[in-house]
Every structure is written in C-alpha cells, then in structure tokens.
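Structure below; questions to follow.
We just call them A, B, C, D, E and F in the order they show up, numbering each chain from 1.
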Amino acid sequence: MSIVYARRTAKFNAAHRLHNPAMSDEWNLATFGKCNNPHWHGHNYTLEIVVAGEPNPETGFVVDLAELKQIIEERIVSKCDHRNLNTQVDFLAGKMTSTENFAIGIWHQLVDHIPSGKLHCVRLHETDNNMVEYFGD
Amino acid sequence: MSIVYARRTAKFNAAHRLHNPAMSDEWNLATFGKCNNPHWHGHNYTLEIVVAGEPNPETGFVVDLAELKQIIEERIVSKCDHRNLNTQVDFLAGKMTSTENFAIGIWHQLVDHIPSGKLHCVRLHETDNNMVEYFGD
Amino acid sequence: MSIVYARRTAKFNAAHRLHNPAMSDEWNLATFGKCNNPHWHGHNYTLEIVVAGEPNPETGFVVDLAELKQIIEERIVSKCDHRNLNTQVDFLAGKMTSTENFAIGIWHQLVDHIPSGKLHCVRLHETDNNMVEYFGD
Amino acid sequence: MSIVYARRTAKFNAAHRLHNPAMSDEWNLATFGKCNNPHWHGHNYTLEIVVAGEPNPETGFVVDLAELKQIIEERIVSKCDHRNLNTQVDFLAGKMTSTENFAIGIWHQLVDHIPSGKLHCVRLHETDNNMVEYFGD
Amino acid sequence: MSIVYARRTAKFNAAHRLHNPAMSDEWNLATFGKCNNPHWHGHNYTLEIVVAGEPNPETGFVVDLAELKQIIEERIVSKCDHRNLNTQVDFLAGKMTSTENFAIGIWHQLVDHIPSGKLHCVRLHETDNNMVEYFGD
Amino acid sequence: MSIVYARRTAKFNAAHRLHNPAMSDEWNLATFGKCNNPHWHGHNYTLEIVVAGEPNPETGFVVDLAELKQIIEERIVSKCDHRNLNTQVDFLAGKMTSTENFAIGIWHQLVDHIPSGKLHCVRLHETDNNMVEYFGD
C-alpha cells in the first residue's frame, strides 16, 4: 500500500483581535499585548490542506486538487477572506481567534467534505514567523 | 561617482478598509467590493525602503542599515503594527488607505529623516500579488 | 504630481521549446542545448504587470487591481495556461518563445487595455533564476 | 540514539500531460481538464529528498549532502530536466505522470542508492500550491 | 484531546568551518572540501522551533509565541548571531559544527525552557537547499 | 528598438567582518557593532546580474543565460563561495567588505565580460532584509 500525502495551498486575509470576554481588560492587555487592540489588526493567512491516501489507479490522484481547491474556496476562503474573524465567521463564533483555534475550526469545516482520501493536516500561517499545524484528535 | 542603492525591509500587520465617506454606501460597495467590509479586514505588510548615495569611504556604507532600521521602526512600524490604518495612524488621517496612499504617506514620514544618502523609493507589498512603488514627486 | 507604480502578479504554466526553423538541427542543438528538446519541456511562469499613474482621489487607486487581474486573466493567462507556447498561443505565432520575446508579446497584448494609468513594465520569471523585464519601445 | 532528518533540494523543469490511454478522450478531458491538453504543458518542479539517520561522529553528517546532491543529479535531474515526463523518462514509462506517481517513482530510483542513513521522504512540488509527500510503503 | 503544533521562526548569521581536529588535514580536506576552508565561511541560518500541546482555553495558545520568541532570542540568537560557531558558541564547544549537531545543540538549549507545551522539533536551514530536523532522542 | 533586461541569479556563502584598519578598535566597535566581531561572521549571498539589450533575432536572447551563468561562476562564485571576503577574494583586497563595495567590485569583475548586451545592474542580497543595487558610474 502506497500512502501519498497531497497538499493544496490557499491564501486569504482577515481582521481579528485576541480578547477573552470572560476576563478583565487588564488581563487581556497584559496577556495579548498589541494583539488585543480594540480597533483590530489583520493578517494575510496562508492555508495548507494535506490529504492522505492511495493514488487512484485510473487518475494517479490521491484527491483531485482542482476539486479540493473548490471545497476550500467554498467552506473556508469565501467565509473568511476580507472578513473579521471575531464577528463574521460562523465556525469561530464564541471562540478565541488564535491561530491554533482557527486551524482546529478549519479542520472541522473540512474533515467530512474531502472527496477522496482522508484529511491529514491543516497547516495555517498567520505571518512568515508564526504557523500552526493540526492533525485532528 | 558611484551611486549605490541600499534597501532595508520591515514587516508589520494592520487592519483597514477602503471607504470614501464623501460617496454613498452603494458607490463604496460597487467600487471596493469586499475591501469595503465595514467589519474591517487586514494584511501582513512588507515594506522596503531604498536609500541612494555614494558609499562613505570610512564605513563602506551608503547608510547604516541598523540606524535606518531604527528609524523605520520609530516612524512607521511602531505607529502601524497591529493597528487600524483608518482610525489609529496619524499620517493617514483623512486619507483613503489604499496601498498607493499608504506608500506616499510613508515617504513623507521618512524623507527628512534619512541619516545619510537620499530616500529613493518606498516599496510596499499588501499581499504577495499586490505591490506599489513610490519615488517621490 | 505623485506617480505611483502598482504591480499585479499572476501565475501560469506552459510547455515550449527553443527552435529556430530557419536554421539547421545542428545549429539549434548547439545553440539551445536541452531547451531544444523536440519532446518539449515546460515552466511555471510568474508574471508581474506594473502600471504607472497618479492615484485617483476618489479611490486612492492608480488602477483597480481586481480589474487589472481580470484583464491579465483574459488576455494572457487564459491563452497561455496549460498550453504549448509554440503551437497554441496566437500572439507568439511564428516567434522564438524565449522569455524575452514572450515578455514583449505580453506587453503588446496589454498596452492598449490598461483601464487607468499606463503600462510601465512587464516582468516575466521563467524559473527562480531566469527573469526578464520589458518597458516598451 | 539521536535520529536527525537531513534534506537536500533540487530543481528541474519538464513537460507532461495527464492522459489515461485505457479511457476515452471524453473521460480524459472531463477528468483532467486543461491538464489533458494534447499539446502538453509543463512545470518547474522542486524536489526535496529527506534522509534519516544518526550523525556520524567523525563528520557530524547523517549523509554527505554534496554526495547526495550528486546522486539526485544522476538518478533524477539528468533524466527529467528539460524532458517530457510521458515519453522520455524511463522510470515513468507506462504510468500516469501525476505528481503522486512521480514522487513514488523518484522514491524507487533513490531508495537503494542513499550513501548513509535511510531515505525517509520524497517531497515534490509541481507548483507553489500543489505538493505531495511520499514516505515509502 | 486536541494537540496543536505551533512554530516560531528566527534568523541569524554566523561563521563556521567543518574540521575534525582528531583527523589529518588531508582527511579533512578530502571529507569536507571547501567547507573545511581554514579562513572560515558563513551562512544566514533560519531556525524553526515547534512546540506541541493543547491550546490553553483562556488564551487559545499552545504557547505564547511572543514569550517563545524571547526565549529563542536569549538562549540561541544572542549566543550565535554574528558569531563564530566553532570558537564562540558555548553549547557547541568541542563539537563538529555540522547543521545536524547544531540542531541537536539547539534542542538541548531549549527543551527545559519551553513555557508551555513541549518542544517537538528543531528545524534548521543552513542554505535554501540544506536543512535538518531533530525531534529529540 | 526593444531593449529587454534579462536577469540571472546565483547563490554563494562567505565569511567576512566589517573593520577599518585605519581607525581605532573603539571606533570600529562603535561603528560596526557585532559586524566587527574579530572571529568573523558570514552570510548566504544571493546575486542577481541584469544585462540589457535587444533580443538577437536568431535566438530571441538578449544574452545566453547559460553562458552568463558560466561567467558568473568563473569570475564571482568560484572566487567567493565558502571563502573569507576580507582575506581571500582578490578583487576586494584592501576594501571594506560592505555589501555596497562588494556589489561595486562584482560590477568591475563582470562589466567587460558580458557576452552580448550590456551589464545593467548588480543586485546583491546579504540577508533577506539587506540588499544593494549598483548600476555603474
């Protein structure tokens, strides 16, 4: 059996802030610093979706990356691009919009919608220096 | 005479939106599309500052890039990083926060503060695909 | 007057070969080496289009980059992507498909179709190491 | 025991097309779209080879990357660079030239020729957005 | 349980050479080639530190990347940046300064100083082509 | 007349330090800081060479980039790669090894050896953030 991991990349940008409403303003400022700015800030996010499986003998594909691109577009990019993660993205409602939680949210948006193979990893870059990976529970 | 062009790069991120308050909401939405989102969006900006001059014979430098880095930090990054360009950046007050206007604003912030040589170019990347350059009037 | 240079990037891939039909096979092989392979080879091209002009006071834009993206898509990418540059691209018919000639061809495809401002530069990357720029005649 | 993973990168370009000769032209066009273009298209491929092992106490190396570079050159790059993957690469003969199958083919070209340590992963980028990884059976 | 892997990147540059003092000059030159140059050479290193753990429900963080940045600065960058790895870096004293050994050394510098979560991987790029990963014993 | 600018990129690494022997140690340390480290430091340099000219009608080339690559290899890379810029590079003898002076030195090494077209620009990256350009006198 020859498992191959295929990755598709997408880019989008969004506004957000880190703020825990259960805590005081002092705690939030001390914990999150400038990421707590009430006027928001934002990022160009780079998202990598990795799908694992055996290549289909008829196509040579683990997953049709054009089809995967369309699903990422519909379920992630169209909901997040040029949006406010804290106030406008349904699958992040009520959550801290850390890169960690954002990656977990993206996993759950996609895991049951992969056309072939299995979702293996969500990799999400917030900046060139800060990146997270999530492989599911 | 040997003019050399020396470039220093800096990175920061910010929220903004494109909105012309002199025009109707309909015009703004039709003109700016998702960039007009009233909940804001944001970017990781990459800024390149180019200074032109003859290398100093004692140092070999057109400009001390460590010193230039400090000036970019004080006059640009500390004012823009993790901020809202529309509401929190003094040198953009009352202006459309297009990448074009942002680059012109950065030029005027820096042009009289270059320690040696002359400011030659402000290059500002809003995304990997969108970039502007300004060389002064 | 404040001239700003705005750049939009696009990517596509294509097959090609370097071959001058007016010359002998020996000359072609000696001149172009492996780029002359009759079975073709190919590249991921990165195209940068630079437009110069004064920002429009109503929008802050030299040119609407979303509109420019659409024009690059229609006049260049849709004609070249996943195509054979030697046999399938009308604006290169009868020309050597060097990166130089390809950039000149792209210039003429776009120069009369820029929605605002003026076409300033076509920058075309054939590989990470090989790139050409054309600024018009 | 201290296992370290050492990676060497190589680049080359090639023409190819996706086409399953056992299926009808209609099926091929519907399945592969523009990747099925009978006039070919092509890519700049980036290949990463990862070797795992304990550093040799005399050299500090898992594998001499200069030696590994030479083996990648001989067994992969010299056979694929500026070639047509469908018609000119012996180790892909009779296979769909998907990135998945290409990575598996590269694995088998290299697995018995690693000078020290063990081949751990073949990572192959077809474009900036599309990449696959193969770790063996 | 939702383990997330968070990565922080840092950059620095240093001089070094590969030389095993227990062996003859001839062996060293034959083994390390130009990397054995007694006048030294150097690199811009890119370091990636990956920390694994469950996001803290109060912050959404596996680890506060600003805090991690500070620790990488204190324990690695301030000791290595603009230094000679062979003669000036305490945690490499008496070791071959291969990228492999350097990564292992960085692991031991950091493993007991991660503020939350656990050190998962040290990834160290010596050049664009040469990179190593270490995951501990 | 259609002038096209063609660029070839090369990479190498080297050790150096900034030190003006005509000045005191105090002046050198105050001026150059950690770049003055007497134990050296080093960089991965990226060099871009731009040649301007009209494409040759027989080849479509401004300059044969394979030939230009060979000249850059012989006249620059083979003299600088894995070397000490202060003590081992003839064309920098007696000069401060700032990136500015290095670029000027590279210009003079190449200007009379361009096979067709004219040398237009030497662009030299010392780090991702620091870069210089030289266009001749």
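Rule of thumb we're sticking to: a contact is a pair of C-beta atoms (placed from the backbone, for glycine too) under 8 Å apart; a residue touches a chain by one contact, two chains touch by 3 or more.
Quick caveat, the model's predicted, so the values are computed rather than measured.
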(request) Could you run down the chains that neighbour chain C and chain E together? (result) D, F
(request) Specify the chain most distant from chain A by Cα centroid. (result) F
(message) Between chain E and chain F, what distance separates the C-alpha centroids? Give it in angstrom.
(response) 28
(request) Could you please state the distance in Å, as a whole number, between where the Cα atoms of chain A are centred and where those of chain F are centred? (result) 41
(message) At least two partner chains per residue is the criterion; list those residues in chain B.
(response) 128
(request) Please give all chain pairs that are in touch with each other. (result) A-B, A-D, A-E, B-C, B-F, C-D, C-F, D-E, E-F
(message) Quick check on the complex: what are the chain A residues that touch chain D?
(response) 1-10, 50, 55, 58-62, 65-66, 69
(message) For the complex, give me every residue of chain D touching chain C.
(response) 11, 13-16, 34-35, 37, 39-44, 81-84, 87-88, 127-128
(request) Could you pull out which chain F residues touch chain B in their complex? (result) 18, 20, 22-23, 31-33, 95-101, 103-104, 128-135, 137
